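The structures considered in this document are given below.
Two complexes come next, and they have one chain in common, chain A, joined by chain B in the first and chain C in the second.
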Partner chain A sequence: MRGNPDAHELVAPGSLPAVLAMLAASPGEWTPIAGGTELMVAHAAGKLEARKLVSLWGLPGLRFIETSPESIVIGAGTTFRDLRADSTIAAEFSLLARAASWIGSVANQSRATLGGNLVNGSPAADSSPALLVYDAELELISVRGRRRIAYAKFHTGYKRNVLAADELLFAVHLPRRFALHQQYLRKVGTRRAMAISKVALAATASMEVGVVSEIRLAAASLAPFPARLHQTEAALLGHALNPETINTARHTLLAEAQPIDDIRSTAEYRRRVAVNLLDELLLQLQPERRSQ
Partner chain B sequence: MTTHATNRIVGSSVPRKEGVDKLLGRARYVDDIDLEGMWHGATVRSTIPRGLIRSIGFDRSINWSEFAAVTAADIPGSNHIQLIAADQPCLADGMVNHCDEAILLIAHPDKHRLREAVNAVHIEYEPLPPVFTIEESERQNVIVWGADNLLKNFLLEKGDVDSVWSGAAHIVEGEYRTGAQEHLYIENNGVIAEYTAESGVTVWGSLQCPFYVHKSLLAVFDLPEDKVRVIQTETGGAFGGKEDYPSTLAAHAALLSMKSGHPVKMVYDRMEDLAATTKRHPSRVRHRTALDHEGRLLAMDIDLATDGGAYSTLSSTVLSRATLHSPGPYVCPNVRVRSCAWATNTVPYGAFRGFGAPQAVFAIERHMDEIAAAIGLDPIELRRRNFLHDGDTTATEQVMREPVILDQLLDRALAESDYHARRARFAHENASSPIKRGMGIAAFYHGSGFTGSGERYLNSLAGVDVTPDGKVRVLVSSTEFGQGTNTILTQIAAEATGLGHEDVIMAPADTGIVPNSGPTVASRTAMVVGRLIERAGLQLVSLLREHAGLGAHYSRADFFAACDRYRAVQGAVVSLCRYEAPPGVFWDDQKYRGEAYPAYAWSIHVAQVAVDTVTYSAEVEEFWAVQEAGRVLNPVLAGGQVEGGIAQGIGYALYEKVLLQNGHMANNQMTNYIMPTAEDVPPIHVYFEEVPFSHGGYGAKGIGELPHDGPAPAILNAIRDATGVRCNTIPLLPEDLFHKLAAGQTVEEATAV
Partner chain C sequence: MNAGRSFIEMTINGEKRTVQAPPMKRLLDVLREDLHLTGTKEGCGEGECGSCSVRMNGELVNSCLVPVLQAEGASIQTVEGLASNGKLHPLQQAFLDCGGAQCGICTPGMLMAATQLLAHNPHPSMAEIREGLAGNLCRCTGFIRIFESVIAAAAQDVEQQAQETPHAR
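== the complex of A and B ==
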């Protein structure tokens, strides 16, 4: 443990309004800590700069999964273990359930929260590609009120996002209209478990008589932050899935992907494997819309 | 009860001696121990790979009067760690030769205050040009060690290699490389040291070789033998990584204790342990091999080089073992091995399970498959035609006097793995699948015990005594670090004395109590030390018969009653034995010839591997290991050694890469140094054939290192079988396989399937 615990202050006000009031009283002074599976790793390495921490762990107002006919709303404090146990998520948002199962280990999933994963904003975060292809919306909260934005607009740069200094991520909204979509997610990690993604690709798609009528693609580790692959989507949307389309899509993806060389892999490898994943996805797409 | 009732305890899977304590959390590791008034120590390390130290500055932001600080100038004796040569300083003095070299030590009562203080020591350097690779070092443009960068070299010669080339039917050449590997014991290096003027230095620590630490402390503190005491605490894994490093760490903590006047604990965190402690030697091996028309070996010319790092430490003996394992388990009339260990400006490479053999075995066993491909012979058949048999001589002219059953091991491995049928099935399925499967094999031996004359020089002493409260104690400096020393040695003592396993305990691994039975390394404990305990146990029974009236048949109560009578007269019941080389074992250090090892353990590995052409990752799907390691003393522990060695070998082959940036390990965290998890390790099938070795403890040879030698070549051979691609370098990560399989191709060409 390289961090010095005495150098930090940790408070746990115990309710969401109390936390929000603290953040509002001195914006930027307090850093929220939920499961701590990001922040405590930084602390152990002696790299946790935040001196004042306010705990979100166990706040009932943040840990919930609410299902209505139109949507499912997941509180930011929901753990990945909670997510894996939810039957609606398993049935209709299976990519998210699978992503949840890939986060570290079971011990990890019992602490790690969805909110922490998104706010931390790693380009390799496991839950992000799934949320992007499900058109997730985020609900942000502060004493000033609530606002909703598309998740695709949340990240603005490497580990940067639109949250204001007095704001928390409150919940993730998922529209319940993907049950019949064809879905794909594959993570290529450094090993089978306890692995950070080197590249991942997620998709939701619909096909009408061999033509791509709807498609959303999102990737991990191909850009400085989790993002949709709009250009590659455009190369496929409205096109018949023939060799020419597939080839155009591959080349579009090669150009659109902006991976880097880092300690875990190389840009060249990531780019090529992303294309292979796209191939695998396109090979799996059934020419007709699924019916119940 | 009679002492001849063999098979009673030896050969059965009695539970681990210390297992329950570990399970219940009662086992005390060094970080569980706190001494009265204890302080904590930390290390200021070099940030450059090579250079002169110009100045050491202390930032005013810290109140240094609260701290103790130690530099080389505080060392009362010699500033050198005592290994084979004494070239490695305990603390850098005026110059650094690798990143993360210890320069200054500090201690404080509160461990949380140390990090800030470490960061507040400012060292100015005058950098010197570093050397990072074998190639740079052998070029000798920059000399970083001695007169020529050469830490050690050997020449092994049998017959006349150069007379063969012109008449050979085939000549096959290849170059093979292996990377560094980290031990990743669960418990990092750690010690507590206490210095007092009256009693000298006492050290408690996580370590393999108490007497190695003892020897270095004597020199660093210039103290007589009885003023240094080293006690091993429960040790959470070692794998060779606690063979030499604890000598340095113990000296550091003891120096801080002397300076501060308090006991001092130093326990590394994972980042420091990864960055600053030893790893497996990287290697480059070149083979040039001549064969006749039938595929029989005529000549093997082997050029072997290792990267030893900044100081010589154990590089010479690692190189020796690599040299002696480089020709593989084959008969060849003409062999030449030229081997060199080169200095570079990295943390010194050290002991790691296999100790040079995994590097050498990787090269020869990968090369055998390349030979097979080049001359159009099946790789199994090529091996079979060249295997060593009883009566054959090795490259060092050692005659194989014990049975060699390689053919039998091979037959069993092929049958258990269903090798031929699987290979045929994969050849068929691969054509239409994005997953390409293959089977690979490796055949190898591992020499048990110290190399050459090593055991004679060690001259180990070990034995048993009997305590007044009725326990037989095993007296050895051989340590338990998860591999089973406690259990097998107590089994042997129980067997020899005719007692139950519960009647025998281990004496504490404390240099103040136990004799020097040598270091716990080189797969020597079961064979060499086990034999000493067997003899000492039998000798004890004879002593009791002769001097204390123990009958031919005796009960447990008779035995301890005899011990009491013996003690009343002699004062103590002790039986010690000294090493005796098996007859006819002789090694010529000058000619590098003779009995390289008293005995060999033999093994065949078979790997089934799947290569995914979407992700370029190779995964081991199933693994078979057949071995002959003499008598199996404890089947569960022996099987565990094999499975663990294979898991570590899989990491060595496919996952674990030490990334050096300017000589510093850049991926010194477990998230980025990728070891296989339980999910990545396949089902492993383990089979033993037993040929008892008459000079090993109840017939045992060494088993600990053997299983690490074979996985890497078996796996890469399987990848060649699966894809047709020749990969001669490990670790082989997906990024590397990508380069082999797809780089340079367009996306259309490289499309999966």
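== the complex of A and C ==
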């Protein structure tokens, strides 16, 4: 059943401090709406539970990309189109730029925000695996101040996260130390354009004389929320990439993955594809450290 | 519950318009019902088909997913804003000439997506055309004639035209 616009309140106070003051005055009462590409779809289906919405769209204090020598800071209200247009992201965080190009069509990417993707917290969210393997940190904001946490600690369960009722996601911090890492990201979906992933795997890694000296692995749709694959990482770290290591890593991944059956795929298919993606990644790793 | 109505001002195809609507009303419905601009179509109502595509502040958006309050103060271009002085936009002419439209339901959205593409990239490759139009579904043409229409329009250099439209960035 179609949603009824008269049943929902929507306000646009126009500045970040004004939004934060509203959230603080009655915590839990207002639901933020950024690009609306999740919430308006729910609304169309008559399934939008939130009755009171406060708009974050176009708040200048949330839509920015700031680059310093150490890091790049991306405001939560930045759209995926904005991300794709940024040259530092394209050069040093190419996995994020690629993920951004997958988030639906041009029209969707013009509205969909990075913050909305992360807070919505779908296990299949496309930006998540890339952010996890870049050691992203999130900055949260409320009238009480700001705090930073590792993105890996943000999701706590299926569509659950650590945000307090009066808090917003403010920005994503990416440390600029991955330019020389070997990087991998692949998403498997039903078709090339605009398909939600069945499985995705991301990695950043370094190799020294054939030995894995650094590795981060993260997946979409292999757990109730996007997460690092710490056990599979451990099976690879410090090991030479020989058939034995690869075999152990495959088995570890099979045990570590906790995919679900849903409308898009089955758990069994997801496990198999994940292992194939791991194989592809390990085949692509070059034995030596990359140099400038 | 009635959440009340707000006065919302927008610039539609270069003209200032004010509507009184519930803030969560979809921009699509405001265009069609309040402003009687019925060129913009509804297909899926959930962001998948692109038949409701319009340009908002120089970016392509699906108007079925925009609550009208978020369009407050924005400059909106719809398919009605393409032709000027009774003359079809080169893209419209190309769609006519190349058979890019059959039933026509997808056409307004296709035209807006193609306008957006050419505004930033006057001579797109086939891959770029496919990406630019990937959010717009057509059940009639099989897409090839649509892509050919865009190529034909680009060939006659719509760069000029795209820069003349008031909403191009």
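The rule is simple: the second predicted complex is superposed on the first by the 291 of 292 C-alpha atoms of A that agree within 3 Å, B and C clash if a C-alpha of one lies under 4 Å from a C-alpha of the other, contacts with A are read in each partner's own complex, and residues count from 1 in each chain.
To be clear about the criterion, a contact is a pair of C-beta atoms (placed from the backbone, for glycine too) under 8 Å apart; a residue touches a chain by one contact, two chains touch by 3 or more.
What you see is a predicted model, and the numbers here were worked out from it, not measured in a lab.
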item: First, second, both or neither for A:Asp6, with chain B first and chain C second; value: both
item: First, second, both or neither for A:Ala45, with chain B first and chain C second; value: both
item: First, second, both or neither for A:Trp57, with chain B first and chain C second; value: second
item: Which superposed partner A:Ala90 touches (first chain B, second chain C, both, neither); value: neither
item: First (chain B), second (chain C), both or neither touched by A:Leu237; value: neither
item: Touching partner for A:Gly36 - first (chain B), second (chain C), both, neither; value: second
item: Touching partner for A:Arg81 - first (chain B), second (chain C), both, neither; value: second
item: Which superposed partner A:Asn108 touches (first chain B, second chain C, both, neither); value: second
item: Chain C-contacting residues of chain A that also contact chain B; value: 2-3, 5-6, 44-45, 193-194
item: Chain A to chain B touching residues, read off their complex; value: 1-6, 44-46, 188, 190-196, 198, 247, 250-251, 254, 263-266, 268-269, 272-273, 275-277, 279-280
item: Complex interface listing, chain C residues touching chain A; value: 1-4, 21-26, 29, 45-48, 50, 53, 59-62, 64-67, 69-70, 72, 113, 116-117, 130-132, 134-136
item: Interface residues, chain B side, partner chain A - complex; value: 112-113, 115-116, 269, 271, 434, 613-617, 619, 655, 659, 666-667, 669, 671-672, 674, 676-680, 734-735, 738, 742-743, 747-748, 750-752
item: Partner chain C, residues of chain A touching it in the complex; value: 2-3, 5-12, 33, 35-37, 40-41, 43-45, 51, 53, 55, 57-58, 81, 104-108, 110-111, 193-194
